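First chain A sits with chain B, and in the next complex the same chain sits with chain C.
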Partner chain A sequence: MRAFLLESLEQLRDHLAAQRPLFTPQFAADSSEPSWLPLSHNTPSVAIEQPLLPAYPAKQFFFPEREILFRFDGTDFKETLPKPAPQILFGVRSCDLCAIAYQDQFFQQDPYYQARRKATLLVGIDCQLPCEGGFCPTVDAGPFVRDGMADLVCHQQGDHWLLITQTSEGEALLEGLDLKAAAEEGITQRRSQEPQVAAQFPSATHIERGIQRINQSQVPAELWQTMGLQCLSCSGCTSLCPTCSCFTSYDRPVDDGFERERCWDSCLYDAFQREASGHNPSAAAGQRVERFWFHKFSDEYIKTFGRYGCTGCGRCEKTCPGVIGVHSVMKRISATP
Partner chain B sequence: MDADRDNISRIIHTICPFCGVGCGIGLRVEQEKITGVEPLTSHPVSQGKLCAKGWSTAYAVDPIDRITTPLIKENGSFRPASWDEAYQLITEAFSTAITEQGADAVGVIACARATNEDCYAAQKFARAALGTNNIDHCARICHSPSVAGLRQTLGSGAMTNSIDDIEKADLIVIFGCDPTENHSVLGGRIIRAKMAGARLLVVDPRLTRLARMADLHLQLQLGTNIALINGLLQIIFANGWEAAEFLNERCENEAALRAKVAGYPPKRVTAITGVPEEKLIAAARMYAKADRALLTYGMGITQYTTGTNNVISISNLALVAGQIGREGTGINPLRGQNNVQGACDMGALPNVFPGYQEVAQQTSRDKFADHWQKKLPENKGLTSLGMTKGALSGEVRCMLIMGEDPVVTDPDQHHVQRALEALDLLVVIELVMTETAAMADLILPAAAFSEKAGTFTNCERRVQLIQPAIAAPGEAKPDWQILGELASRLGYHGMDWPNAEAIFNEITALSPLYQGMSYLKLAENYGLQWPCNEQAPNGTPLLHRQQFSRGKGRLIPVSHADPAEMPDEAYPLFFTTTRLHYHYGCGSMTRKSPLLERETPSGVLFINPADAQALAIKPQTKVRISSRRGEVETRAVITDEVPPGTVAMPYHFKEAPSNRLTNTAQDPVTKMPELKACAVRVTNLEEASQ
Partner chain C sequence: MNGLMTPQLIRISEIYDDGEAARHFTFEPVSGTRHSARPGQFFTLAIPGHGEAAFTYLSLPDAQGRFKALIRRVGALTSALFECGHGDLIGFRGPFGNSWPLEQLLGKRVLIIAGGIGLPPLAAVTDRLSTDGNTPVGLIYGCRSPAEQVLKHERSAWHASMPILETFDRPSNKGQLTGTPLDHTQQMSAKLGGSPEAILSCGPEVMMNAAARHFIKNNLPPEKIWLALERRMHCGVGECGHCYLGSSTVCTDGPIYSWQQLIRLQSQTTA
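Entry: the complex of A and B
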């Protein structure tokens, strides 16, 4: 790990973009909606230091919403493994980086995911301010980028930036940039600064208490049922959740054969677990809502993934039409006697 | 880096193509394919939320199965054809029918899924190019009674308030609909209001999701809306809970209404509706005494032979309680399709020009004739069901159907099929091979919402811009362009628009409701709510604030009448049709999503546990449902969502078309068919085979 001083983020971004396609959160279509978009000479430079949590996390770069797994032409099966060109994701926030690390484990054996993942370098940015609805410090997912989660990390210090290399691939990309090595105290200062930023986040005792109750099976079944009634099975939470990885596959007829496509699934759908007989082990919406939150907050998953399935981004709260996003659910769970 | 990079990946902000809520969505385009959607947090209606349909938009417009060239049917199967050949064939057949039998021998069905520009073009095509008022669309079978009823009582047949008002109300009344299924993002706003302390009153024969959350649920018998509302009014008047000042100052005909509802005392109303007296009294008190009560209703009001009277009685209730003309109140019909409000606004109806200007009035006809440079027909036009009936009798010989699927969505499927078969020429403009398209002699490929510019008008009268995200596949093009080219072939050149914006400018010049709008102003404001004109340059979120569109609000006494067909010995169960969160209309878009399709493959029958037990029906048992008009087979889902004695089927599925069973008995005012109630018999097919 090495650290350099950087005058501006744009300096680094433009240097990287000259080498590989680079995607970064930008305002789409003259709006105030940040989305992951390719950096282009045709769009004006955007202020990239402000915390721009894009609508989606970065998962679709590796695990696309729809993807052909293979083709069958009537005689032969044709492989359709992706052969992605190298790319860079620039400005990934710590919550989303933690989720990528989580999915790296889930998709360890998945050649489609791994092909894209290996072709991608991650440039993280430390968040210096809480974002709306975010609670990463509570679930150990931020606000600063964790070690080993990105290839390069950018950290603002006054009017300049600290650039930390976390991998040799990341460091190699800096070739040609005339950078001064940063003093050791800059790195120490970064470490000591994180608790101060974390302290600016609003209280998340409802999340902490909720996690406890979920793990001690102290949530009344009726509460899950009540909240299940509010689940409209829209799939918004699972689409935007950075760690959700459930998929299904189906065959689409093409010309002389078919292609098998896999697509994002949602465990909140009634038919997610319905069997061919019609029997459904999770027929009640309340059961499905309970299962979703169990996957996000159960200690069981720490054994496998080293962390909770929630990285505190708060996207589910914003997108849930039924008012059962993370804050709403955890407040109700923590408020039960 | 090269300029092509911009073409690789982009987000195009537009409006969701499904229900009338009108949510904002970003279409993600990668390598010229729509690969997904992003919710838009800054959109005033959806605020970062979408429903299952919206999230599945990429599947709905997937290039797979799209029709990409004109298709002509020969010996029972379709072959690709050139636009030239297709236009020639259409021109010949339509001209022959018109020459031999007059212009009313042809007709056009516009589309509530198409843009305002497309619908405007469709009615102009019918009236100016063909010379007939035979123009209609599927509002006929959803909210035609709202337009007719509210125009009589208030003077304007649209949602009186805005979606934002849901969260300003302290009581929300949900009458004959389940917005959490069908208008989910709006339904979500109701849930949010409830969580924040608003009370819910649900009136529905079904135990819907919102009924389960409600403070009070009036589970009335199918088809007893008027008796129930007259009963509530009787209680309100008897207790002096009416808004006396409001009635005096802003309404007329109170005495006649009082006299009528006096005949509906609680005892009688309970006998008709099955709702206990104490619940009637509690509901009347809740609504009349609320500070701000917002009433919303759906197909459970309109799809009856008493549809228009049902709407009138809803209006009576709101007027008597003074729950209208203020924020957080009002009468709010939920529109089913993304642009059914707009299709009505555009005059894709037999009796009105754009902006509801009456065809029957000489001044309107002169205005449009002058602008369009064409003598316009005076004859009363046929409704969509009138056209299918006319097709059977030989009165109508050629039809052009734009993006609708009446074979699946209209009542009495056998009747619709026979009618379409009887035509000299059926032309269908479509994205994919629907059941109706399959019956066509000729299909023209249309551009999807994601492939064209234009505007949609949502249920709160908000006119919003849509943007092309990608090019249309093959030779597909916007409906307005197809109709313009066809008009030229027929010798009418008033539809040679260069782009959609030119059409919109023509609309604003002719329709007072849209007068103050332009594409630029729509883009700047996330859309504008009509009326938008000199007096209201930024649109009108709230109607009837000082006075009603017609002046005084008119109270009109109406009487209870049973549905046209009641259960009897041969057909002992009530049958009603419903919609599911996962599907939209005929399913031609939503059923392309493998996830939505997996939810309810090929249809279901909802049956109460008591009825299921009586017929030895278990979950997923194969059943036959028969009515006097036909029979369908599907599988049973046992649920207390439907009451004993009533079974329900969604209408989205061509494999189990509930409309093979439904009744064509019609509302006398609007010709709305009674889709919500008929009598059926259910047979357990597995028991019979044992």
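Entry: the complex of A and C
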């Protein structure tokens, strides 16, 4: 790990963009929310001081909404692995970086995910302010980038930036940039500053209490059922959640045969677990809502992933039309006697 | 060499009807790539244009790599499979999942309880235990009616080396047993020389749960009762999410669970 001083983020961004295609959160025309777009000169980049999370997490870069798994050409099955060009994601926030690390592990043996992931370098930015609805400190996912989660990390310090390298691939990208090494104090200061930023987040006792209740199976079945009735099965939460990974697949005819495509699925759809025989172990909407939150907050997953399946980004709260996003659900759970 | 999600070709080498809308298939390798599997594991079959589905090994791959499955026509993929004929090539991936705990069964009095189409997942382990010579094993097979029964050939082979009781909700003649498998456990215990020391079961979940509770009540420890679960197993490698059971994934952690594990998994959620 090495640390350098950077005058501006643009200095680094433009240097990197000259080497590889670079994606960064930007405002598309007529959109109030930033999204991941290739760097171009006519779209304003996101103001860095205000952590405005892109509407979609970065998972689509590695686990796209649809992709072809193999082709049947009339005689045999041929694996269709992606051959992605090297790319850079610039300005990934800590919550989304934790989610990428989570999915890196989940999709460990998935050649499609890994091909895309290995072609990508991640540049993280420490959040110096809470984002709207975010609660990353409660689930140990921010606000500063965790060790080993990105190739490069940018951290604002007064009128300049601290640039920290976390991998040799990240460091290699800096070649040609004339950078001064940062003094040791800069790094110590960054470390001591994180608790101060974390302290600015609104209270998240409802999340903490909710996590406890979910893990002690103390949420009444009736509450899950009530929330189930409010779920419209729109799949907004599962699409936007940076750690959700369920998919389904189907065959589509092409010129000389068929291709198998996989696409995102959602555990909140009523047929998600339905078997060919008609048997459905999660036929009740309440069971499915409970499943979603169990998957995000059960201690069981800590054994495997070293963290919860929720990284505190708050996207599900913003998108849910049925008032069962993370804050609403956890408030209701924590309020039950 | 194809990876995780991409099937390889296998050939259908034999087909015959076996029970209600059920058919017996034998598969053989095309390119000489043989694989091995353990009793209770499963594999997937793919038919281009019709997707892919999971099936249990009725018999494990032999020296030539041939293995069998009993397949019931229930949906789009199995309907397409029933259109296939001798010599046709289809896609295969596997083996997947865990297996019956053989090491813990050998030398013990083992009772196998199957319901309807739940018999095939128990066939390979029954083959193994019934030919062990040192393991008293018995099978109680319950069906709604005689027409629902499958594995005629396999059952007649097992008859030679182990006790089998077949029971029906609606028997077709007077000599047949009626009732559920649990109505006949005493009779089976007498044949096995004592009450069972291990239970293996597969069939409708209500039947399996009733069997587990019955033997728990009769002081069999929950870790000696194993059930094979059915879930929608789609990818087979624990990724697609469809076969979750609490914090476990049936396609990789199952399909076989001890009653002890199931109780724990069921207690994780409330709705």
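Observations on the model:
One rule holds in what follows: the second predicted complex is superposed on the first by the 326 of 337 C-alpha atoms of A that agree within 3 Å, B and C clash if a C-alpha of one lies under 4 Å from a C-alpha of the other, contacts with A are read in each partner's own complex, and residues count from 1 in each chain.
What we mean here is this: contacts are C-beta pairs under 8 Å (C-beta built on N, C-alpha and C of every residue); 3 or more make two chains touch, one makes a residue touch a chain.
Since the structure is predicted, the reported quantities are computational estimates derived from the model, not experimental observations.
Room for both chain B and chain C is found when the two structures are superposed via chain A, with no clash between them. Of the two partner chains, neither chain B nor chain C is touched by A:K118. Using CA centres, the angle subtended at chain A by chain B and chain C is 80 degrees, rounded to a multiple of 10.
Judged by the touch definition given at the top, the superposed model places A:D265 against both chain B and chain C.
In the overlay built on the shared chain, the residue A:T319 is in contact with chain B alone; chain C does not reach it.
In the superposition on chain A, A:S277 makes contact with both chain B and chain C. In the superposition on chain A, A:K180 makes contact with neither chain B nor chain C. Of the two partner chains placed by superposition, only chain B is touched by A:E65; chain C is not. Using the contact criterion defined above for the overlaid structures, shared-chain residue A:C246 touches chain C, although it does not reach chain B. Looking at the shared chain after the overlay, A:G286 reaches chain C, while chain B stays out of its contact range. With chain A used as the common frame, chain B approaches chain C to a shortest CA-CA distance of 11 Å. The intersection of chain A residues touching chain B with those touching chain C, taken from the two complexes, comprises 248, 250, 265, 277.
In the complex of the two chains, the chain B residues touching chain A come out as 1, 3, 5-6, 8-13, 26, 28, 35-36, 38-42, 48-52, 54-55, 58, 64, 180, 184-185, 187-189, 191-192, 195, 209, 212-213, 581-582, 594-595, 598-599, 619-620, 635. Every residue of chain A that touches chain C in the complex is listed here, in rising order: 69-70, 72, 76-79, 81, 106-107, 109-112, 217, 219-221, 224-225, 228, 245-251, 253, 257-258, 260, 262, 265, 267, 272-277, 279, 281, 284, 286-287, 289-291, 294-295, 298, 300-301. Those residues of chain A lying in contact with chain B across their complex are 17-18, 21, 23, 28-29, 31-33, 35, 37-43, 55-56, 60, 64-66, 229-230, 232-236, 239-240, 248, 250, 252, 254, 261, 263, 265-266, 269-271, 277-278, 318-323, 328. Against chain A, the residues of chain C that register as touching in their complex are 2-9, 46, 48-53, 74-75, 77-78, 91, 230-232, 234-235, 237, 239-247, 267-271.
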